[in-house]
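Right, I'll just put the structure down here and ask away after.
Every chain is named by a letter (A, B, C and D) in the order it is written, and numbering of its residues begins at 1.
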């Protein structure tokens, strides 16, 4: 039965929906939708986060400072930023890091993924599905779930704390390795808790699978790193399900950031083609076979299949990736031997370097040109959210007609939810996006 | 370092930002809080912290003690919010007292500035009570404004009922003020000091004390005839924390009351 | 504490979100903390956005756009206590590096169509525009310090946030000085403690992310760095990072420009 | 005097542990000799020496395997007797007001292995500080009462040492339970042990030992003489009190202030510095509160703050307070100098300010 209000809404021919300040996303964004006769006429995901010019002030700084400076682009996924910088610079200098350091770096990613995915999943996104304003409200009805979520999140932070020094803007990452590596016994001290976290992650997937998902399947061009032996964190080729298969040093050739009139924003797209998708769904679809058996079993148990094209289900995949990160962390800790040296010597030279890594919310690209004095001459950084922005808008375009008849309040909620599918991190996106200063 | 608990019997405002706490104890006999004029307590506001506060009541009154407190920061603010019946912590009394025994038989000149009258009030009570044992008794008191004057009613009563010469002065007058305007040192001529026979006690802001002492010296007092009470940052009041060091002295143990001759060499050294 | 829960708000200017995330990173204390206050406005965490006035407002981020200026003035009106968190809000943050450059030039480097960018010439701390009741340092802030500040304000006591050097924390922790024992340049002696001497604990020199301590002698430290073989350019950059526009660091970096 | 083999030291450590002591001794960590809990002789810095200068410290490999072949490191024993952070008490609100509970004090029983003569003197000095005639500090005294001290005589002085000037070394004269002198020659590595207290003798009864021979005693004497003759620094103490009191306006202070960072490192490493601060912390509800004591320093700006202002805003005034206190007013306060000549403040000052040199600069300034 449609309520009186809804009936009334249905009769309305056109309306404009504005969300001046998107909640539960990282950074400041606004949403503007113009709907005419049930069809989306205009959609803008606006970003009014002020620009911070990172690429500009990386110029003239020493390569050694890059991991610390780039971390400050985003407090939500600093590891992905500093690690992409480090990888790009090591590529330029042809630095060969030790296998132990490589493993530790993967461990640091595990920490960030566990923390960031859990944050998004439980604190930012789950309230949408369950109808709460926030996790505090949710905790009143589901105290045990929230407590568990917090402990799971903390497990990720513990890893970042130990390996990186702190959870936000870690200080231990450097070109060539780390400043200091942890002792095996320090890592082992976390082991049991991570085992607990693995079980909690399984519960998380099952929990997320109970949500109601709109029947909304899209045909995406999924892009992610693919590595022959592992689920991608820190390296691999850039692959898409529609034929891209390149080394990150070719990124600039295949991907373009374009200026789109209506939103004054740079949208990434694949050259000669269109928008694409990065993030958990893309990674899952392209790397399913690299997941651990437990991940596959749990995915099968909840009936997820090896491919998923419903963006709303990204919340489940975040759960699976959290599970993967726990298992990967356990594997790394089991095999860990503290290396003799925390870092290898780095020899700067005049060169260019490129790297992509996988932030929790998707692939990130960094490229640098460095002078023989070790000073950065040019830098380019493409964060995941700006790569997804066009896809987000497309989703809205296709999604809104399904619900155009809902009362405004509910429609707004649904739209916000659709944006939150992407765990968009506007703080980092904006350093590269144009911003529209007119706020509607 | 562990405070004892006392109860607020009364709290009343002396001026806009100075209030007086009357404290009593149920757990200990009040005799345990016996003090000598010039000594101070560390008052503890629950969860906020401690402040060194001089005792400003009559040391002969055995049933409660008074503290007059200038509201300047966190602790003093918290204390100012207390209500009758509230409990605070207290440690003390600490420090050296005014030399009321030694100066018996002499003329007494007290110079006080602002809140500096509070630590001197117990001495005034004492001298008035033992009036015969002292010579001429003068109190010169300066405040920022008439409204900042401490104990105005009491000052009037003293002047009326007792053998004490009181002169007051304010930095800035208001329309109601009929008295003098200026700084406390300007009052010294009224005291008509007999330098040989006089002992002086001074308390107030450090700069006020400096000029008062200059003035007393000009009037012929020797350095050892002048006593002053100093303020320093104080954390423990036990001589451990180091904060209140003043040259070779710890203000909490060797002070706050000093004979000026003891500190004269360092009194004018800046930032000591 | 009063019976009525204090209304609490978190605002964001120009920043990386890290400092407000610190609040959500306090997993062990979060529920207790949020239980003790009324979360009236915290868009990063909640869809509920209550109107002011607020009892306590936290502001993250520096003032870099005309819009920021407008907002912060409004926020000040609505918050009884205004606390700024992080290097951006207390010193202008890393984006204050623009303060030495021509912003138009910077805009061109990053954006293809610079005409759409509206920003002020300088990135300044919140206190340059409105009165701030307490400034919590750090890039990012330390979550335990944040909780301490909130506890202190809720209980009307002095926040136990020391303003002295990182060195004191190092010594309390039992660290061996990286400058004396390894000749690693370290900003610890002029930087405010609060991070629990994190970098020296990880065998690297402090790079000053908590900003200048209460009384700095940067020129003496810079001279020591020079002695250790750092060039003026390097010294300039060392002081010109996350708290670049905090006065003592700004002056020292400028003193080493050539 | 008794002579014990090097390995007997392990037995001493074992015996002390058996007696319930927490045994603290030197070991190598992060490129320096630090004091921490040790469990056996292997934890000691065998074959490590150091190289110290103003603002400079490096470990140096020795070729003789000496266990105590280093000079004073960055830490001192004060961290055990006067911990950097200590909970004093906690309190809970209740219907009557509040209830205070003293921090349920754990007072470990420490055995200190390797206390140098200057460090012993530093402990004597702090004894006076924490028993100042009017009050005595509970925590300090409870710990102090129970410590076992195994002193070690210095066979070699560090480059920043000046205990001879301060008359605090290099020979440990009193206040120890046992004192060791480490002797290493071509084919022997042994200790000459002096028993200072019955507690020390009781321990030595459990340890295999021989009466020291004339030769061994002579070797121990030589070791001390060697240390005495190669003191890295000297400080002229004659009339030091009036020198500093009278020179509060000397321009040398301005010179120092140009370099001093007011970072407080010197006070943190000094074995006699005793300043502390208190912090009151509360939980969120405000119903539970704790009082903590932490190390403080006269170099910290807040230290001399009062509601009406600050008594020492300039770095110059703070350095002057520190040095004048150490070398002059300390004598008035406690009848003894506050400096034992260990040289830590010189080595660990990031910009290498040298107390001995500054005293001589003041003296020189008077001659000009």
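Remarks
Here is the rule we use: contacts are C-beta pairs under 8 Å (C-beta built on N, C-alpha and C of every residue); 3 or more make two chains touch, one makes a residue touch a chain.
These numbers were taken from a predicted model, which means no experiment stands behind them.
Looking at which of C-D and B-C shares more C-beta pairs in contact, the answer is the pair C-D. One finds 66 Å separating the Cα centroids of chain A and chain B. With centres set at the average Cα position, the gap from chain A to chain D is 52 Å. Distance between chain C and chain D, defined via averaged C-alpha coordinates, is recorded as 37 Å. Per-chain Cα centroids separate chain B from chain C by 43 Å.
Shared contact sites, meaning residues of chain C that touch two or more other chains, fall at 155, 157-158, 203. Annotation for chain B: residues touching 2 or more other chains are 47-49, 73.
Taken residue by residue, chain D touches two or more other chains at 280, 282, 286, 313, whereas all remaining positions touch fewer. Chains touching one another form the pairs A-C, B-C, B-D, C-D.
In the complex of the two chains, the chain A residues touching chain C come out as 21-28, 48-57, 59, 61-62, 65, 68-69, 72-76, 78, 115, 119, 123-124, 127, 133-137, 139, 146-147, 150-151, 153-154, 157, 165-169, 171-172, 174, 179-180, 257, 259, 264, 266, 342, 416, 425, 427-428, 431-432, 434-437, 439.
Those residues of chain C lying in contact with chain D across their complex are 1, 29, 32-33, 36, 148, 150-152, 154-155, 157-158, 160, 162-165, 167-168, 171-172, 174-177, 179-182, 186, 188-190, 203, 214-217, 219-221, 223-224. Interface residues of chain C facing chain B in the complex, by the touch rule stated above, are 155-158. Of all residues in chain B, only 1-3, 5, 7, 46-50, 70, 72-73, 76, 86-87, 89, 205, 231-233, 235-236, 238-243, 245, 247-250, 253, 265-266, 269-272 touch chain D in the complex they form.
Listed in rising order, the residues of chain D touching chain B in the complex are 88-89, 91, 93, 96-98, 100, 102, 129-130, 132, 134-135, 137-138, 245, 248-249, 274-278, 280, 282, 286, 289, 291, 293, 296, 298, 303-308, 311-314, 316-317, 321, 325, 328-329, 332-333.
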